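Quick heads-up: structures coming right below.
Look at the two complexes coming up: chain A is in both, with chain B in one and chain C in the other.
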Partner chain A sequence: MAYEDRAFAEQLAARGVTRRDFVKFCGSVAAMLGLSESMVPTIASAVESAAGSKLYPAVWVNGGACTGCTESMAQATYPDVATVVLDILSMNYMETVMMAMGADAEKALYDTVNNNEGKAIMIYEGSVMKGWDGNALRVAGEPSLKILDDLAPKVAAIIAVGSCAVDGGWVKAGPNTADATGVSMYLAEKGIKTPVINLPTCPVNPEWIVAMVVDVLLLGELESGAILGKLDAQGRPKLIFGQTIHDNCPRRGHFENGEFVYQFGSPEEAKGYCLYAMGCKGPQTQTNCPIVRWNNQTSWCVESGSPCIGCGNFNWVDNGAPFLGRMRKVAIGSGSHNGGFAPGVAGAAVGGVVAAALGVHAIGMAATGRLGNMPDTEDVKEHDRKKGGDK
Partner chain B sequence: MARSVIDPVTRIEGHLRVECEVENGVITDAWVSGGLFRGMEAVMQGRQPSDAFYIAQRICGVCPISHGHASTMAAEDALGITIPNGARIVRNIIEAAQFLHSHILWFYTLAALDYVNPAKALEANIADTYALAEAAGTSTANFAVVQNKVKTLVEGGDLSIFTGAWLDHPGFAADMPAELHLIAVAHYLEALEIQAEASRVIAIMGGKFPHFMTSIPGGTSWMPTEEKLDDVLFRLMRVRDWVMNTMIPDTLAIAPFYSDALSYGGGTGNFLAWGVFNRESLEMKDRYLPNGAVFVPTSGLTVQDADPGKIAEYVEHSWLSEGESGLNPADGVTVPPKEFPGYDTGDKYSWAKAPRYDGKSTEVGPLARMIVAYLRGVEPVKALIDSTLEKLGAAGKPEVLVSLLGRVAARNLETAVVADWSLEWANELIAAVKGGGVEFFKPLENDNGKGRGMWEAPRGALGHWMNVQGGLIANYQVVTPSTWDISPRDKDGVRGPMEEALVGAPVLDPERPIEAGRIARSFDP
Partner chain C sequence: MSHAYTREMHPLAFVVSHWTNLCAMVFLTLSGLYIHYPIFPGFMGAARGTHNFWMFVLLINLVVRLVMGFTLKTSKLAGGREKELDIKNFLPQAENRHQLWPTIKYYLFLKKEHPLGGKYNSLQKFAYVLTVPLILLAAYTGFALWGPTSQWSFFLAGTTMVANWFNGGVGGAALMPMRIVHYWTMWAILSFTFIHVYLANIYGFDADRIMFAWKETGTDHA
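Presenting the complex of A and B:
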């Protein structure tokens, strides 16, 4: 069976990937997609047979990007980026890695979409730059909006990777000089109905892209429409973005015990205590970072001693800053997708020990009464005060 | 006479257009246009200095570590903080890991395809490929499998990232053996894993890469454990071995086939480095790669200290032209236009400003750093450059480095130097932790001050300026390496460094100016 495909195994081996690594990867994809372990051979053979047949046409378009999501994709390990772009997808346009340049590169973009109408996948990285009639970003002598205007209606789906593509990201943060927005918002303005799968965080975690590629393309969920049922109201796959970081945090035990870090470089930090008092946005941020982790599962933000800054939240900079030491009242208990977390996750869990620990250290934290004994928040954030907002 | 255009310039970070005038096969004039304006500096206004660290690094997804460090240093300078020694060493290692990651990615993933042609790899004889790899002193791979993979791509018609490529371009060195093309393609694939390994060092110490979490103003939030220190050291050793046994020999094997690139692509000959990798003094001049300014056309191969006070940014040919021109970034402004002025090479044609050092159009990057370090007698840089010049048949002539090939070689030599130093720093940290009492963080106390963080990204000199009033950022300015290198003309009409480097370069086919692509990418813009 294809699962034992020798040629494929040799190709992997040439890149230092063993059979075991590959099966491990298929297992992690299955887990991420909420599939049972019995699906692992199906995923493996889907990947292998994709490698041996006509590849799936795809284009990767950079909007107002820092290229961090492409970079992040390049950190994918099982399978590595070469497997994704050479064995599964035919990535005919990807500015940062493609060999072609100039007009021939643009031709590859347009030909791929036009010659595969309704079939090609577009991966979009970076903010949609609307400023100055789209001249905030010029590509091939034109405002880059032209690429979305021309091609978005003709692709099967768009995967918006990274917070910039999802909602404008940091580029949209106040005062949003260049009028940035996200892909799905822009398509809604233009009345373009192409489905958009949103994969926020800054940058995107490559494992999520790989999981979507397998799910959407190889398992045929785009064609069947099944994928749409797996997305939440923000167009994010529920299985990846359905739980908060706090839900799965390995430091959760310290939270329950009221063991907090109050200063970087302290003995508490050395012990790996909970970073909630340092402003951790884990309770409000819905991603599976603690499980999937980053850079081939090497580590993740909280493990490195840093509070989560909520880079996967809606308008994460304006809603999350100041990132250290404070929680924002607006975010607590909103219970919605807009940077809020579900009450009952952290709120119900803040018991006497936690409250005592937070209270003993007089760092401006007092019970608000809103959600048990949560630490206080600023009533008006300085940045918003400046802008005349009242959040 | 014809206009030859590359837009977009692919295989770089960001959006760039290169337009050249070509006469009798030679570029006679050039305009480089930065295509994107996002408004980072405005986003900073009114936020806390520590927020700037998290946000500013998102200027660049390939060099976020350097932006994070420059931002944090600006905050520390503004608020009068001297970081503890433990944090200094941790930052050196994280920065080194990013340099290794970035340079490996640049050479193999971004630049190599201007010199190496996968189509030619199909003609290679496998046995000869192993023999050549051995002769060149570079590592071997499963060459048959790699060749077969390329064959499958070409025959299957799904060219993927090679779609639309100029595989038949006469600009590829005709005498470069097919076997060397195949070796390079194999290492192109291998490099993906090695650059990812370097990134994993950042992930251990910074949470993830790209974009990291730990180098906050005051020090670092990462605290080492024995296990993590071992992990860092082991991974750095793996990367270092690959650089020495694969990347450096590959560079030396391919370079002779493009030795004509020693005779063009040099640019303005003015170089600037703020320096990178701090010693305990934290002084710019004392850094492992020290600061310095070199003006070859006017002062020859002599180096002077670099002074951030000598920067002025001009906007006459930029779309950001409504602010005052000629300001130093400490008091700089970024004023976007009310109406888009239009693309006009005779007037305004780029989102980039035109920074000038002491009035001069000045190049930044590994070439600038290596020249400065060479002239300051920094070892092992000096010895390494001398031996490389000998191998390139230019012994005792460091001035040949002011060229396209010199710029490529400088980056790869720097990779070797930093790879060695990274192990030194990992061991320094291990010793410091074993010794006990090492500290990693000092809290912020002040609320007001003006500061700057002068540092280096892999692609060149980087500065962040921060003015903090009442605990909030009142003004923020950034001068990125690319702003120096891709700068448009200044108030006197003097070309930017990349524009100048393009002038005089040969172009075989103005419709497919692969040589202009090589020069643009040699800056790693």
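Presenting the complex of A and C:
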């Protein structure tokens, strides 16, 4: 594959990206999509021709969000390879960065979807807030649910970015007065069948969005339906969310050797030992963070010294807090926000109560002279004796 | 002293199976507690290997014990030599009929004489049969946590169910609640073990002699 398209070559050059960087990047996208290396030229040429020709209509909708996922997308301190792919999206609506305001902006949102029915992509950031008839979050003078009600059936697919969009994220953590939930749950309630691709973590990793854009738009996986086969039962791409952080953790060797950090500021921490005893949720969190890493593949949570807090998990705050503890607290039926009790204490208490009850029983056995001396067995069952007496 | 203990009550195969259970429980509990929180360093790989190995031993032993229950004959009465199919000792028998309440009364000191019964009394039957679902629950929750099997839909369904149960219906497929249930299962099995050890030894150590060393007591052979 040569530099056939001079305009594309100039686009790369303008970003300070070499052809080699670009092909390497296409290789990493291929890996994330589960494609073989032989597909790299296909991806490269798809990106190349797309970058030179058409723009794909897309809207970025913010629900109940901290805008952290938008920040994550804007993480690049210099224009990088990923932007080559993201530039092929015609992002006609994105609250944080668009120039338009007021009615014009909302018109752009509706026009983009209505004029491209069945073709536009909706990227949804943040939770779906259902509380107070949807008035927990109002956009443009209406409950924000209206955007999903009106537009979700008309887009080709929704990419739910970040844990909030996936299942409500931290917004849903108890007591959840805003009645926050995820996009796919909300659509299921409404009977809307638009495919949803879930990309959890808090915030989302832009590399995954790039991979999905390539998969959905450029390789035509959405049209062919192949994309759905690549998603797990929770609607997450299997290849990105198929293994635990623990599986690929650079500190895994320390885990197997039993070398743990028990306290921050300790010599063990300085040695980069495993953070399991500090409550790391890596063993129960399925993302490829250790491989893809963050901020232009610079580092990620565990590499920079923090235990994984499990933000790629479902209902991750209720299930993961306290983040530095091995187990969450338990309050059955209502999440951990109502105080609850520590599972370890509860288990030991049950064992303790049983042992104590047996101790008391043993005192009773001693007092009645049964200890070490089984009393005589009855001659006739009580039931039979009574029955006999009745006769 | 209690009643006699005969080899017909507990054949050699049961002695071996009981030893296997004991070893498995001890190793699983200790390695499991270590995996739950590695209180001292240097042992995680070994602890996980140990936990894995004895889990398979316990499960295979459970299957073997169940098969033996349906194939071997053991004595029908405590201290007796007359035999019938072993599994019948765990099911309702004529000997135990109407005896549940008297047995409870006996252990609550409301009845002086030891109630009549089969080889096992009514409460024993409940307790022993309960160990089967308890071990299966421990295995199921364990497989739901174990990397190679956690994504099998059979286990994933349980993980989701437990997570929903812990979170008012909005759990997703998070593993933390399953981890807690697995941990509690250990305490349930430990509680059974406490009671079992206590009651087996309350009248003396004859039960240990037959169960661990296959030595009869209180019989002509003793």
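We adopt the following convention: the second predicted complex is superposed on the first by the 311 of 391 C-alpha atoms of A that agree within 3 Å, B and C clash if a C-alpha of one lies under 4 Å from a C-alpha of the other, contacts with A are read in each partner's own complex, and residues count from 1 in each chain.
One rule holds in what follows: contacts are C-beta pairs under 8 Å (C-beta built on N, C-alpha and C of every residue); 3 or more make two chains touch, one makes a residue touch a chain.
What you see is a predicted model; the values in this text were computed from it and never measured.
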{"item": "First (chain B), second (chain C), both or neither touched by A:94", "value": "first"}
{"item": "Touched partner set for A:244, first chain B, second chain C, both or neither", "value": "second"}
{"item": "Contacts of A:138 with chain B and chain C, given as first, second, both or neither", "value": "first"}
{"item": "Partner chain in contact with A:107 - chain B first, chain C second, else both or neither", "value": "first"}
{"item": "First (chain B), second (chain C), both or neither touched by A:314", "value": "second"}
{"item": "Chain touching more of chain A, residue-wise (chain B, chain C)", "value": "B"}
{"item": "Footprint overlap on chain A, where chain B in one structure and chain C in the other make contact", "value": "382-383"}
{"item": "Footprint of chain C on chain A - complex, ascending", "value": "167-168, 172, 181, 232-234, 242, 244, 247, 255-260, 276-277, 281, 283-284, 310, 313-316, 318-320, 326-328, 330, 332-335, 343-344, 346-348, 350-351, 354-355, 358, 361-362, 364-365, 368, 370-378, 380-384"}
{"item": "Complex interface listing, chain C residues touching chain A", "value": "1-3, 36-38, 41-47, 97-99, 102, 107, 109, 111-116, 145, 147, 151, 153, 156, 163, 165-168, 170-177, 179-180, 183-184, 186-188, 190-191, 194-195, 198, 202-204"}
{"item": "Residues of chain A that touch chain B when the two form their complex", "value": "7, 10-11, 13-16, 54-55, 62, 64-72, 74-75, 77, 80-82, 85-86, 89-108, 112, 127, 129, 131-133, 135-141, 144, 169-171, 173-178, 180, 202-203, 263-266, 269-270, 294-296, 298-306, 309, 311, 317, 321-324, 382-383, 386-387"}
{"item": "Of chain B, residues touching chain A in the complex", "value": "5-15, 17, 33, 35-40, 42-43, 45-48, 50-51, 54-55, 58-62, 64, 84, 105, 109-110, 113, 118, 141-142, 145-146, 148-149, 153, 156, 158-167, 186, 189-190, 192-193, 195-196, 199-200, 202-214, 216, 218-223, 319, 336-337, 339-340, 343, 439-443, 471-472, 512, 517"}
